[in-house]
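Two complexes follow with chain A in common, the first pairing it with chain B and the second with chain C.
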Partner chain A sequence: MSNTLRSRLTPYLFLLPALLFMATFTLYPLVSVGYLSFTEYNILRPAQPVGLANYQRLIGDGVFWLSLRNSFTYLLVTPVIIVSAITLAIIVNRPLLGIGVFRALYYIPVITGAVAVGIAWQFLFDGSGGPINGMLLSAGMIEKPIIFLTEPAWTLPIAMMMTTWMGVGYYMVVFLAGLQSIPEDLYDAARIDGCNEFQKHWHISVPGLRPSIVFVAVISSLSALKVFDEIYVLTNGTGGILNSGSTMVFYLWKQAFRLQNVGYASAIAMVLLVITLTFSIINVRMLERGEG
Partner chain B sequence: MIRKRSVAFTIFLTMFAMILVACGGAAPAAQAPAEPQVVVQTQVVVQTEVVEQQVVVTPTPGPNPEAVMEVEEGATVTFWTFFLSPTFDEYIQSTIARFNEAYPGVTVKWEDRQATLQEEYRNSLAAGNAPDVVNVPTGWVQEFAQNDQLLSMSEVLPPAVQAQYFADLFNQTNVGGASFQVPWYQAVDAYLANTDVLENAGYTMDDLPTTFDEQKQFCLDFYEASGIPCGLRMQTGNLLQTMAYEGNVEVMNADGTAFTFDSPEAVQWLQDYVDLNEAGAIHRDLILLNDADDRIGLERFTAAQMPFYVTGPQLIRLVREGNPGRYGYLALAPRAIGRSGALPPVSMSIVVSQSTAYPKAAAALAAFFSNPQSMLEFSKLVAIYPSTPASYEDPFFTQQPVAIEDQIRPLAEGIISQQKNILPEIPRPAEVNDIVRQAIEGAIFGGADPQTVLSDAVQQANGLIR
Partner chain C sequence: MSTVAEPMSTGRIRSVRPAWTRNLFWYGLLLLASIVTVLPFLWLLMTALKGPSDAVFGFPPQFLPREPTLANFTRVWNQLPIWRFFVNSLFVAALTVTLNVTVSSLAAYPLAKMNFPGREVIFYLLLATLIVPAELTFIPGYILAVQVFQYYDTLWALIFPSVFSAFNIFLLRQAYKTVPNDLIDAARIDGANELRIWWSVLTPTIRPSLATAAVFTAVTSWNALLWPSLMLRTRELYTLPVGLMALRGMFTADFRLIAAGAVMVIIPILIAFIFAQRYFVAGLSGAVKG
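Up next is the complex of A and B:
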């Protein structure tokens, strides 16, 4: 083997393990799902080709459109998380006694399992003895308990609150790292110029955190589009009354594993792929611009 | 004779003397030296005489009475159970040991599966490495049978073995007119009542409803008297079942070509629940709670937030664990019978995979675990009931019960013998169930007209089978 050929092959050999891994665990499933989306398949019997029937069914499926709408609604979590996490990061970025304890406390939900959190939140919003109802009743704001999780209007907001609560600690750490890289001189200068606390952070912290904000926006919005655990646990695997909490991934799961419509679920997965891919491209562009 | 008497007298004297010596203990130091004693000794000489005689040989044991069918020699059978380990490890292992005595040539590999059993079994069937014998809730049988994944027990089991079960239980999963399961342990859904809550509202156990119509009125009246709603719950895994039993609804036409669950009976049944919900007389978050979430209802019951809860007596232990003080206020009563007059089976089944290499050995194992002896032994461990009439001949089922969870036991045979499936074979059951669920949710929680939602649901369901 000539030296030229060897030097050309060497990089590919280094890439080979990763390529094999990706081909097995990403490319092959992707191609399989693409193929299955054109079939009727229930796991127990061989897949039967049905052409575009699954995609045609999507157009007339009200629950699919509701799930799509819910997934996009879920993106509202992203700005809430960003604002909450920046606020928390600013609060804990102070040399106060015991501040490390607070940082750890805010981070605990991140490392707590979604199922445990879901059960705790179910209890919080329980209609018979839940603390939220208890507080509302004792404050005289309601006359009888609200059975939150049987009210279609409440399912998605509760799941979104839970996602925010679970994620804010993680993003707080990201912003905390960002804050600590902003030179202290800038804050001194702002103070000399007469800025109050809010102005100081608005004009220095927030611009200084721009790369982190873009990063968090990308990551949290993609997570929001893929949300599943919260919905599954809060609604006991039903998607909520009248599918009120059903999101794209939840609906995909329900079709594939509850109703055994693997072909149809694959079609939903392909639509989700297109959406997340488009979203990712936009986000990556934003990220590049942010870094630039 | 006289000689015999004198020998016996001598032996008696000897023993008497020995007892006196033994009872005397140590002699005190101040005592006089012991007098010489006369000790009578008896010597027994055993003579062994070899006698030639005809030896009676016990005949080789006949076939084990529990070996009821021919099986493949050297078979290895994998058996999956559902949520039985570790509580019932000893029972399963001892039953397998008995099976090995009956069928010495068959090896059984037992594994217990838990919450993911349905998915695991489905995947194993698709992957071609399914277990030979599986314990599944009876409601799951139809899906696997309709997809040609199960062995027909009507064909593989000898008629005498089929006859060991209550006929309505053996035939409860009707797929193409054959049975694809053997009924294993049964449950009895009963009213688990809180006598304290009842008495506080001026009610007694005798006031509990006995029919579906009485149940509606009871819940409305009880809520008005006490402000405490009833804890009613539908069979969410098979809502058409609830509709058929409670509302006497014909869910499909006679030839099974179209759904008909938008009839006046169905509308009336749904309207009953709408009325109860609007009156606040039922816990609205329990009514469509998944079957697997029985604990939530039990917790609510344990906290005295309902007069009764429809559940199996085997779950009373959860109430006792959650609130031991409540145990003394518990009582069981038969649940209300629906307008159909029939009782739905609440059962576990054992199925055999179509792909098994040893169909006879696998079927023999299924039949063995559900035979009268195995069922009886299982019933003694936990409040479940046999699917085999012969088990009830044991005094265990006729004794007066002591524990509250056993109160149903003397009535069990009568209840189990009445349980039968009144539903036809439902095509695409999971999807149809989802459609029915949406309709029920629409009426109860969405305020939609019951007739409209049911008619829409029938249209959608019929669209699936056309």
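Up next is the complex of A and C:
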């Protein structure tokens, strides 16, 4: 091989492994799921083209709409996460003795994994004598225990609380990095102007964190749209009574891998793809505005 | 990256003179937040230590075990191959990290330091894959695993689909960009080929970013639940999250045993976190600047 040809090929050879894996495990599956969404397929027999039938079926499927609505409701975790993570970041940004230990403690829920956390939560929220019910009872806030885990109205809120609880430590670190890049002079100026602690953060920290806020909003909302683990663990894989906790990815999983409706599940996947794409475009616009 | 590399250190020292009452207020808040994050785990641990006569549930709730015992741990240990689950998780995480970081840094080098036709196209193609949720690829991924690669119900099924990560490629590309071109040129004049330059000149200089990518990939792999539970049927092949789900199904009657299992699953990652805290935190928040 001549030297020039070799040097011209070099960059592609470096990229080759990554591109091969990308083509096999990301691009091909995307095309394939698009094709499957127009077929009827149950793994056992070859896929039969059925045109738009799967999409028509979606329109009349109440559980699909419920899952869609639940996935959008789930987006409410984003503002809650942002507010709590910023508050926590402000608190741990003080040079107090042992602050590193506290930061580490807040980080533990991020790394422990959804199954172990879900088990802890099922225990805390148990309806027959879990600690949360115990506290509410002794505080006189309720008269009899709430059966949190099987009550349809509570399935989604508890999963959302779990997502928030598992995520806050991670986003706290993001905001902490943001806070530490805000010039100290700004706070000194605010002190001289007679701002109190709250005003100081409201007028300086929050505007200064804007790029981090946009970043966290993007990341946490995209992961809220594809939530699965929390629902799966908390409802023992059922999705809750009357599908009350079913989300887009959960319903996709259930149709594909529990009910073997692979074609129909692929159509759900395509809807999810369109939603995430739309969301990402909105997010990129926001990012551009946030940085400009 | 430099700003997120040390978020666990004490932060910068403010010139405020510490007033005791003020500090007390902040410590109060810190403790309150710690209770919220740690108490669920602590309660789990206490439950795992409870003996048969201790109430797991009840009003008012009983926190401390009256007759602490390790019997729950031994029973879970004897009935389920937790050790195997751990080894499986470790094997999958180690191989995924090695392959992923190697492939990602190979791809990141030309994207950062070379000019070639098609670079923009490849760059934007990679960027686009960041948006696609992995969950969308699970249906064709399943068919591939069963019909084409035939690695269904093996640990390879968890490894190969996780080798490509646009996120890591971008992270490492940013790192390579900060390496001075003179360093590369000098190596070229010395007659080193590109593979050699990548391995012995560039890679050592971006070690912190490699560690970041490695830890991020490892934590993701370690905690993965949906894909592994689709791929693994044989119990001896379960990873820790899948094994813990199975354990919960087995011991529905006794929450002490479920709690003991959960505690045993949490301990290894907690130990890893204590020793490599810096990389954990930098790794998971690296995305900000990456």
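The rule is simple: the second predicted complex is superposed on the first by the 274 of 292 C-alpha atoms of A that agree within 3 Å, B and C clash if a C-alpha of one lies under 4 Å from a C-alpha of the other, contacts with A are read in each partner's own complex, and residues count from 1 in each chain.
Following the convention adopted for this analysis, contacts are C-beta pairs under 8 Å (C-beta built on N, C-alpha and C of every residue); 3 or more make two chains touch, one makes a residue touch a chain.
Only a predicted model underlies this, so the values are computations on that prediction, with no experimental measurement involved.
K.L.:
Overlaying the two complexes on chain A, which is it for chain B and chain C: clash or fit?
P.N.:
Here the two partners, once superposed via chain A, clash with each other.
K.L.:
In the overlaid three-chain picture, which partner chain does A:Ser266 touch, first (chain B) or second (chain C), both, or neither?
P.N.:
A:Ser266 contacts chain C only, not chain B.
K.L.:
Classify the contacts of A:Pro152 with the two partner chains as first (chain B alone), second (chain C alone), both, or neither.
P.N.:
A:Pro152 contacts chain B only, not chain C.
K.L.:
Examine A:Asn42 and indicate which partner it touches, taking first as chain B and second as chain C; both and neither are also allowed.
P.N.:
A:Asn42 contacts chain B only, not chain C.
K.L.:
Taking the superposition as given, does A:Phe257 touch the first partner, chain B, the second, chain C, both, or neither?
P.N.:
both
K.L.:
Does chain B (first) or chain C (second) touch A:Leu242, or do both, or does neither?
P.N.:
Once the two structures are laid over each other on A, A:Leu242 reaches chain B alone.
K.L.:
Looking at the overlay, does A:Ser128 come into contact with chain B only (first), chain C only (second), both, or neither?
P.N.:
After superposing on A, A:Ser128 lies in contact with both chain B and chain C.
K.L.:
In the superposed model, which partner reaches more residues of chain A, chain B or chain C?
P.N.:
Chain A has more residues touched by C than by the other partner.
K.L.:
Taking the superposition as given, does A:Ile91 touch the first partner, chain B, the second, chain C, both, or neither?
P.N.:
A:Ile91 contacts chain C only, not chain B.
K.L.:
Going by the contact rule set out at the top, does A:Ala53 touch chain B (first), chain C (second), both, or neither?
P.N.:
Touch partners of A:Ala53: none, neither chain B nor chain C.
K.L.:
Give the one stretch of chain B, out of 60-68, 294-302, 330-338 or 420-428, that collides with chain C after superposing.
P.N.:
Answer for the clashing stretch of chain B: 294-302.
K.L.:
Show which residues of chain A both chain B and chain C reach, each in its own complex.
P.N.:
On chain A, the residues that contact chain B in one structure and chain C in the other are 43, 128-129, 236, 257.
K.L.:
Which part of chain C faces chain A closely enough to touch in the complex?
P.N.:
On the chain C side, the touching residues are 3-4, 7-14, 23, 26-27, 29-30, 33-34, 36-38, 40-41, 43-44, 47, 55-61, 63, 103-104, 106-107, 109-111, 114, 116, 119, 122, 125-126, 129, 131-133, 135-144, 146, 160-161, 163-164, 166, 169, 194, 198, 219, 222-223, 225-226, 230, 240-241, 244-245, 248-249, 255, 258-259, 262, 265-266, 269-270, 273-274, 277, 280-281, 284-285, 287-288.
K.L.:
Across the complex, what residues on chain A touch chain B?
P.N.:
The touching residues are 42-45, 127-129, 144, 147, 149-152, 236-238, 241-243, 257-261.
K.L.:
State the interface residues of chain B toward chain A in the complex, per the touch definition above.
P.N.:
That would be residues 119, 122-123, 125-126, 143-144, 147-149, 280, 283-285, 288-290, 292-293, 300, 303, 305, 430-431, 434, 437-438, 441-442, 445-446 of chain B.
K.L.:
Which positions of chain A touch chain C when the two form their complex?
P.N.:
Those residues of chain A that touch chain C are 7-8, 10-12, 14-15, 17-19, 21-22, 24-30, 32-33, 36, 43, 88, 91-96, 99-100, 102-117, 119-121, 123-124, 126, 128-131, 133-135, 137-138, 145, 165, 169-170, 173-174, 176-178, 180-181, 184, 212, 215, 219, 222, 225-226, 228-229, 232-233, 236, 249, 252-253, 256-257, 262, 265-266, 269, 272-273, 276-277, 280.
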